[in-house]
Structure formats: C-alpha cells, structure tokens
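Two complexes follow with chain A in common, the first pairing it with chain B and the second with chain C.
And now, the complex of A and B:
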C-alpha cells in the first residue's frame, strides 16, 4: 500500500545521505549507513517535510528508526491530513 | 488508506511530471560525462530549490567539477544554532551561480573563542568569507526572555554592553583575519515579554534591539569588509509568526522552519555574488511586454500600456526597478526586435515613461538575433558578455540566450508581468556591498563616452583625437580616500589587467603600510569630465629590482594612451627610488588579451615564456618609457 511512498523516501534518503539508492532499503537504519548521523538525520527530516509539505514533532522523529518506519509515519500523516 | 490518493499527494508540492523527466535527463547527461549538463543542473535547481533537489544538484556539480571553471570561495559559519540542513541548499545555489563553496561550520556557541584565538580552527581554515550568525536569545538573553521592569539605566547599560561586545569581536577578527565578515543583526522577538505594555513604553524591548542593530551598522561602517545582514528584516519579510517551527527550535536548536531555510540561503547568496565577483554590470532589456504592455508595432504609441492605471502600472513598476538599478551604477541597454525610430520616439516622448533614452547606455533595436545584439552591446560598453543580465518576457528568447550565451545572467520571470519588478529586485547579481562615486556616476560616463566616440570619428588621425581630448593624468600613492576604489578595480577589472590579481580593501591597506610595496592610483580627466580613478599599479621591491605586481586600467580609458603615461611614471619612480631593473609579467586569462603586448610595445625585453606567464624586464639604465606629448601628468 505504501510501496510508492517507500520508493520516494528511498530516493530522497539516498540523495540526502549521499549513498547509492541500492544501499537504502526499507529495513536500513543508521547502523547500516555510515553517513546517517544525527546531523544528517535532521537534514533528512527537513527534506521530507519540504518535499511532502508535512511537519514532524520530536516524538515522531524519535520513532523514525529505519527507512521503512519513516515511510510508515509519513504515510500516516498524509492519510490523516486528507481525511 | 487510498493509495491513489497518496500518490497524488506525494507529488503535489511540486508539479512533478516535468521534475522527474528533468532529473532523468540530467542523470543521463551526467552519465555521458558532458560539461554541457551544468546549465541544466542550474536550471533544475532554480526550478526546485528544495532540500531534496539540493543534494542531487550538489552531487551532480561535484562530478562535473574537473570540467568547470567556478570561482572558489571558502566560507566559514560561526553560529549559535543549527545551520547544517542549510548547507546543501547554499552549496547548490552557489554551484548554480558558478561559485564553488568550501564550507566550515563552527561548533555551537564557540564563536567568541573562535574569533579571539588566533590559532583557532576558524583561522586555520583560511576563510574568504565568514558569517557570524548569532541569535538574540543567545547573545542577549536579557533582551529575549526576561524583559520586565528594568530601569532606563539598566536598559541602556545592556544595550551598550552588547554593542561593545560586538565591537571587540570585530576588532579581534580584523586583527587575525582579512576575510569579509557578514554579521546577522539581532531579531526582535515575535511576542513581547510584557505583551501590550511593550507598545506603550518608551523603553520597549523592541527599541532596545533596534538600537543595538543601529550600533552594529555603525561599527561595521568603521571597518572595511564588515557587512550587516538584516536578519530581523528577513524574518519580518517572511512573517515573524511563521519563521520558526517551535518543534525544531526546541528539540534541535533549529529556529528556522523548513520552508524558510531557502530564504536565509537566498540572503547569504545576495552577499556571495558581489563578494565573489559574480555580478552583472549591465542589464539588457526587451521593450514590448517588458518595459510596457502590448506590442508597439501592433498597438501603436497610444495603445501600449504604461502609466498610473492598471495594467500600465505593472510596467511602471518594472521601469522604476530598472531606474533603481541604474542609480546603483548598473548600465541599462535595450535589445528589441522593433522599429528603431518608432521605439526611440515612444521612449522619448510618451508622457508616462519613467525611463527615457538618456537612461540607456546602448540600443540595439532592429531585427537581428538577440544573442548578436548582446555581444555588440558588451563590445560597445567595453564589458565582458558575462557581465550582462537579460530581461525579456519571452521564454523562448530567454532560453536561446541561456543556450547561446550561457555566461549571461538570464533573469527567470514568472508568466504574469506583475511579478517582473520583484524578479528584477531579487536578482542577486545586481547586489553591491558598497557604492563608490564612480558607481553613482557611471550612467553619465557612458553618455559622455558616446560623445567622445563622435569626436573620434570627426578627428583626422588618432593623435588629433588624443590631442583634442586634452587629457590630464594625476598619479598618487594609495590613500584613505581612494583605497576602496583601488581595491574595487583590482577585483573587477578583467580586460586591461596584466596579472588579474584580486585584492581586498584590507590587503591594499596592508600594502600601503608596507615598505616593500608601492600602490599607485591614476585619475584621468579630459575635456568632457573627470573620469575618476581608472588605473592601479602595485610595485614590489626586492633590493634593486622592482616588480610590477599589478597594472590595470578601467575599460573606460582603454585605447587613450594613458597607460603609457602611467608606465612612464612607474619607470621614473623606480629609477629615482634606486631600482636598476623594472620587471613585469603578463598572466593570460580568457579576457585580458587587450593587454598582451603592453610590455613588448613599450620596449621591455621578453626574458621568460611559459604557457601561463610572459616575463619581461626593462634595464632602467638603458631604456625608458616616454609620456605621450598630448598627456599632461600631474
């Protein structure tokens, strides 16, 4: 259901983190991707917020532990907004 | 959840059909390794301006770097808040403007140590430009959080204290470093601590911050190369209540909401353009549907739209914006496909025009291609094509210029003319960090120049013409009154510039105080007017050898033999100061061919030749350079 969104998040994360897209999978976490430190995490959040016109609060950001989780949270947010 | 709906939302923020195609196209071009993709990357950036696009654009430009010839700039940022998400935006914007930025971001809130310690990481980075981005709440917490019942004395004390801290930082910075310094001024809090009472008070919280900002302007004005960024004004323009995202401010020390990051990036770029010489000296404008509404050839002089009533008022705003640029020293010229006599007649006599023929330095009105017109105008004004900006409502003409003359600054315009004036005013290539007397009078100079050329056509020989000009040359060592202009000439002169070495005001000031370096400025007056300072020479001494480090002439006086008078003066000065040999070099660039034979035609001997340098010497005991008899030297 969120496959399309997951693909978009993967592309965005690969750009922001400066790694090939193939390295960024749904189950990728900061452990797997060397460039994904706390500063890059902020940049990634900002990029997603800008791209999708959403805002995350600190609790949500704390739960974004993998690419898949990010896509999931984003999907929930977009869904709520259009209800 | 409806997946179709999500797909739609996901692509909604930017019209994405074209976006994906552009990106795929750019990726293909990048893979082919062609440098031609650079303009596409720049266009993609200007169209997107998003954090996501920034990373893609920066990565693309970095791959192309070996094939590009960008200006290099080392930028250090001293900060009290999170700026990291901004850096990719800034680097993408800079690359798109032809600037390769290398950046250093300081640790949080160590700006005082970084400035005061000569051994700091900041100075080790050898920055060209430093930004001091400090928040009111960090530097002056009393003014941000706890403004309560302070007495007038306490308030004055706090203001004076903060101003004097900034002063001491700037002074320490200048002692340690010659880089340009950009200081964010202090932001007024979105909500006053005392609520409505603040507006009733003569000692308001707002006043105190305004006063500090006034101090900052004064202190900056006392130092060369120190500039104020009006951060409070920037926040106000975009809405105080919308500037900050409290989630990011309180959890990540990021006080700027994601959609506003680009605005601070744009503001920094407005400084980086003039600081790196990425400026336009002239703007070439179209006429129909740009300077006025409608088409002159179809609607006639009485049918075009210009004047106080809508829609003519739209075009009056465009003309006013252009007049403001002209008053800043930027030349205006016309390139239009139109009937020349009819167009000039409308400019001269239509009652509602803001701009008149005398405001323009050149006209190309006819049926030739605009790229040809732009080349001719650059020639006529004696400036490089890369110093031109282009304003045209027709996207096809803009695209052609962008393709055929990629070095021209093509101003992106919205479809509706109502946005034209803003696009003009927002263009960073017109920004200047200071205005010299010469800048303010430049438009007039070019009008005079047209008269001189008429005189030249009437003269029988070049000597006749030179004599009729009655030129008086005045050569003086650099001093406080001409320092700024001298530095500006080293930074801006490209054509008649033997070595193209760029110096800041601070560096020229240091030369002036040195025993081993002489800096001379040349002023040229003629029968028409005083051209101001139009030549600079810098001599470096090593024993009895004197080396001409820099010799340049403003394009305003090329071809009038004043360079011979200047060189003659330098020979005489070198000889009387004890030199036996005068050395000179020509370092070729893409633009300085007009100066190539300068030393050879004045009797200097070629003593060394490599691809990057021609070395010359003049034995002062044997040779000399004579001043032309039609020039009077003072």
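And now, the complex of A and C:
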C-alpha cells in the first residue's frame, strides 16, 4: 500500500464523514469517529468504489475495520487490476 | 474481525440467543431472531435464513425469499430481502456489517427488494438509498366505518393528552361521525358483480392471472398454486368475484380484532391484503369488497396498493389516504428492469400480500 493511497482514502473519508482530516488517521475506526455509522460506512464505500472504479465484495467489506485496512484492501484490489 | 455469512443451522441457536440478549439490552428492541432452527412451513414459500458470524458469535442476520415475478413483460426470479439486522445498530465496531449483509444478499440474487421498513428516516431505507436502491412509497388507504370507535382507538392520533381529549370529545359529541361523513364518500351502489367465498384458488385464478399480467409492470406471479401457498391460513378470507358468470377478480381479506395494536389499538380492522382483477372490473371489485367489510362490522378497512387503478378505485369508494410506512426498495439490478421508472411506477402491483405478508394484521 502506498502512503499516497492512504492519504487519498483519509481525504475521502474526512469528506464523507464530515470531520477534519486530522481526525482521520490510518488506525481510525468507527469507534473513534462519532459520525461513522453503518450508513456513513456505505457512503464511504460507495465513494471509494466510484472514485477508484472498483467494487468490493462482502468478504472485503467485512474486513474494513479501519481507514488503514480500507486503504490496504483497496491497494490490493488496484494491484490485482493492474497485474 | 472475520465475518462469515452462513445459513442458520441448529448449532447456531445458542449464539442466536446471545445475540437476542444483546439486541434487547443494547438496541432496546423487542424484536428477536427465532431461537428455533429454521424450518419451512408447508404453507409458505421457501425462505432462506442467514446469519453473520464473527468468531462463532452472531452479529447480524437476514432472510431471503425467492419468488417468481412478472416484471416488465418477463417472468423471472426476484429475491425479497427480509429483516436485515446488524449489531452495527448499537455497536460501531460493526458499522460495516449492514453493507456486508446486503452485498451478500445481492450476491445470492442481484434482483432484490425490501418492503415495509416504516419511515424513510429509519436506518434501513437510508442505508438502501445510500447503496443506490430506488425507494417508492406504496400508498396506504383507509376507510372508517365506526368513527367513534376509530377516534377512541387510533394510536398515532392519540399520542398526547390534548389530542386524546380532543378525539374523545369528537367521539362523544358526534362531531367525528359528521366529519367522516363529510370526508368519506359513501360506497357507491353496485350489483354488477357477484362475490363468493372460496376455500382455495383454482384454475379460474390462473385464467385471471393470464388476463391481468400484461397490464402490470411488476407483480409477484399470482397463479393458483402460489396463492394457495400464500393464503392457506384460516384467517385469509378468499373472495372470488364474477361478472356475468365470468371471474373478473379475487380478493384476500383479513378481519382482525386488534388487541393493543401499536397503531390500531382495539379496533376491529379489515385488511384488503391482496387482490387481482381485470382493469375494468377493479372499481366494482373494490366496491363489493368494501361493502363486505362494512357488513362484517369492522371499524376500519385498510389497504396498501401500489397500482394506480386500485388506489383510484379505493378513493372513489371513500377511502382516505394516510401516511404510508410501506416502502418498496428495489436494488439497482431490479430497478433497471423497470426503466424508465416514471413510465412503470403507476402499474406496480405491490400490496400487503408481498414481502413477508400481512404480519401484525
């Protein structure tokens, strides 16, 4: 996973969740960010899917527990696509 | 977290009980997942039940009912996703689970719908909307037969003390009776159709389905074999409607004495659960059904109907429109079959017979 990708996910998450970017770190989870409920999680996933042109399957979404994990799974997905 | 979605099996029962305890304590809801291993009752269409498991603990659930539908000129399987619930409702660690459940349901059947769900402000309709599902309110109509009893029992209109006092005063003074008399048209006289109570649906229902389906943009296949599965219960009153000796419609009616119902208090309520009729007979079928409900002595007759001809006929019969808590949400793949939706929306044959049926009525 590139640092650049993590930064992009942080920016997107801050925008979707309506919180300052500084509040969204790699280890941030829904337990740390009050606005991050199940509906905002869907909004975040859809925003990422649209921005990066990918679609996550249920297994992948099930592992997306933090911003860092989301960026990691997204990175794997993008790498698979370019292989 | 390592979420796995598995069919509900007997060995999951202890974990389901734990989930129910957490759900009751932390979500504050009386809803409970069934603590008996699922079995398909003979009277219902098959329903698959799934659990979301994380290290052996149940964290969520949904059910899937597969059914043949007529949709924009084709017959195909459509899935009805029922009661998707997630621990994410009260535990932010599972905020991702609602989407996992719905994406999993979509992987089983991409043409999927949810029905009911209450207000659009509720979590599930908002979540579905965020996932790009199309939401449509299915109109709710009601006709008050006994205004005084209606005003003394209708829960949503009696939530505050001043309202209760006002409703009681209107009930006692006769003002309510006068009000409903003014608001509700009388049921027009009609002797153009003959109505017969039947014990089951037979080939006449199949012939009727063949005649009706081309007028509908969306409807569950309503052949006799399906209808006999859906309405085998003794509470369903099955009415066959004929005109000049030819079957032109049928209705499934329920007549229920409510007891401390969350909306209807202790009213006796007739529900037009399901119905089918050739278009030019719909007004007569509605008139005949409304009169039967009135003659049975119910306080209130209600119906949810998606098709505009049924809505118009109910209104013509004095039914009033109420706030609908019955929402049809269609997955993108299902909604795509009805594009352009504006053209097809008026012919969606969706009512209380669809989804998980006339629960609570």
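Worth a mention:
The rule we apply is simple: the second predicted complex is superposed on the first by the 82 of 83 C-alpha atoms of A that agree within 3 Å, B and C clash if a C-alpha of one lies under 4 Å from a C-alpha of the other, contacts with A are read in each partner's own complex, and residues count from 1 in each chain.
The rule is short, and it goes like this: a contact is a pair of C-beta atoms (placed from the backbone, for glycine too) under 8 Å apart; a residue touches a chain by one contact, two chains touch by 3 or more.
No experiment lies behind these values; they were computed from the predicted model shown.
Here chain B and chain C are compared by how many residues of chain A each touches, and B touches more. Contacts of A:57 after superposition on the shared chain: both chain B and chain C are touched.
By the touch criterion defined above, A:25 reaches neither chain B nor chain C. By the touch criterion defined above, A:43 lies against chain B and chain C together after alignment on the C-alpha atoms of chain A. In the superposition on chain A, contact is made by A:78 with chain B only, not with chain C. Applying the stated contact rule after C-alpha superposition, one finds that A:4 touches chain B and leaves chain C untouched. When the two structures are aligned on the shared chain, A:65 is found in touch with chain C, with no touch to chain B. Once the two complexes are laid over each other on the shared chain, residue contacts for A:12 go to chain B alone; chain C is not touched. The interface of chain A with chain B overlaps its interface with chain C at residues 39, 42-43, 46, 56-58, 61. For chain A in complex with chain B, the residues that touch the partner chain are 1-2, 4-5, 8, 12, 15-16, 18, 39, 42-43, 46-47, 49-53, 55-58, 61, 75, 78-79, 81-82. Touching chain A in their complex are the following residues of chain C: 1-3, 5, 86, 88-89, 92-101, 103-104, 107, 123, 126-127, 130-132.
Contact residues of chain B toward chain A in the complex are 1, 3, 5-7, 9-10, 12-13, 50-52, 55-56, 59, 82, 84-85, 88, 245, 247, 250-252, 254, 258-259, 261.
Remark: chain A residues 29-31, 36-43, 45-46, 56-59, 61-65 touch chain C in the complex.
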